[in-house]
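Multiple structures follow.
You will see two complexes here that share chain A, one where it goes with chain B and one where it goes with chain C.
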Partner chain A sequence: MKLGVVIGVVWATKKVKEINGCRMYIVQPISSKGEKKEIPLVVADPQNIAASGDKVIYVTSSDATEAFDSGFAPVNASIVELVDEIS
Partner chain B sequence: MFLARVEKKITSTKKHNAYNGRIVFIVQPILPDGTSNGNEWVAIDYVGAGIGDIVVCGGAPGVSKSVFNLKFAPIRTLIMAVVDKINYHDI
Partner chain C sequence: MIFAKVIGTVVSSQKDESLNGKKLLLCKEVNYKGEPLNSYHIAVDAVQAGEGSFVLLSFGSSARMTEATKNAPIDAVIIAIIDDIQITQKIK
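Let's turn to the complex of A and B:
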């Protein structure tokens, strides 16, 4: 899992049926101090956890599909947690 | 698997069900001599690590599902061991 900030929303009407009703965000990976790391990526939000500007934890690779209630979706990055505080 | 230092703890209320009751840490990958190497990872504690500990992190798709005995577990990185001592030498 990695830390990131939601910097944008992706809208798509025509998509595979497994991700219908699931929002997609553009997430900028950051360090715990808030510095930018790597390039932004598109991340699905199956549990409706995040909103624009939020600091989130996202999971990549095939574990991302596990964040869906159905357990299967053709994605490789999903938001799993909204960060309240880093201490 | 990789060596890492536990740096910070993350608190959160809104999360996926699989994360309920689990401790989430930010870990910094390190080289055997203790210098930082690469970007930070977020990892779930499985052994009882604390901030400042040197740990072994890792995971593979599907491992956390069987480790935590859950139907669905979107968890990739686990803290698998707390390191007491490292013995190493350059090639």
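Let's turn to the complex of A and C:
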């Protein structure tokens, strides 16, 4: 699981039906101190918990499909948690 | 997932049986601003994308997780046609 900040939204009307109703965000990976690292990536939000500007935890690779209730979705990264605070 | 622009089609008459009826598209990777990067991908089309479309590509084992690509020997699929991308935050 990795830490990132939502920096943008991807709008797409035509999608495969497995990801209908699921928003897509652009997430900038950050360090625990909030500094940016690596390049931004596209992340799905299957539980609709994030919004622009939020600090989130996301998972990548085949684990990302498990974040969907169906467990069957063609995504490479999913938001799974909102971060309140890092101490 | 990555952004890509569809730049052509791939035609093949001899292929694995489970690929029959699937359209293969040649895609060039782009960044979120739409600027082209250096890699190309051949992806199965699950959303009827056309040439010139700005699309979202999914990779690896996740690419098999659509109705169109279930149990097929593929590792890239087009999962959405992108209308717009909005960048709302700047991170230092």
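We adopt the following convention: the second predicted complex is superposed on the first by the 87 of 87 C-alpha atoms of A that agree within 3 Å, B and C clash if a C-alpha of one lies under 4 Å from a C-alpha of the other, contacts with A are read in each partner's own complex, and residues count from 1 in each chain.
Keep in mind that, in the parts below, a residue touches a chain if its C-beta (ideal position, glycine included) is under 8 Å from a C-beta of that chain, and two chains touch if they have at least 3 such contacts.
No experiment lies behind these values; they were computed from the predicted model shown.
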{"item": "Which superposed partner A:8 touches (first chain B, second chain C, both, neither)", "value": "second"}
{"item": "First (chain B), second (chain C), both or neither touched by A:86", "value": "first"}
{"item": "Partner chain(s) touched by A:49 [first = chain B, second = chain C, both, neither]", "value": "first"}
{"item": "Chain B versus chain C as contact partner of A:67, first or second or both or neither", "value": "first"}
{"item": "Partner chain(s) touched by A:37 [first = chain B, second = chain C, both, neither]", "value": "first"}
{"item": "Partner chain in contact with A:21 - chain B first, chain C second, else both or neither", "value": "neither"}
{"item": "Common interface positions of chain A, toward chain B and toward chain C", "value": "61-62, 64-65"}
{"item": "Touch list for chain A against partner chain B, complex", "value": "1-3, 29, 31-32, 37-38, 47, 49, 57, 59-69, 71, 78, 80-87"}
{"item": "Residues of chain C that touch chain A when the two form their complex", "value": "1-3, 31-32, 46-48, 56, 58-69, 77, 79-92"}
{"item": "Residues of chain A defined as touching chain C within the complex", "value": "5-19, 24, 26, 28, 30, 35-36, 39-44, 52-53, 61-62, 64-65, 72-77"}
{"item": "Contact set on chain B toward chain A in their complex", "value": "7-16, 18-19, 24, 26, 39-44, 61-62, 64-65, 71-77"}
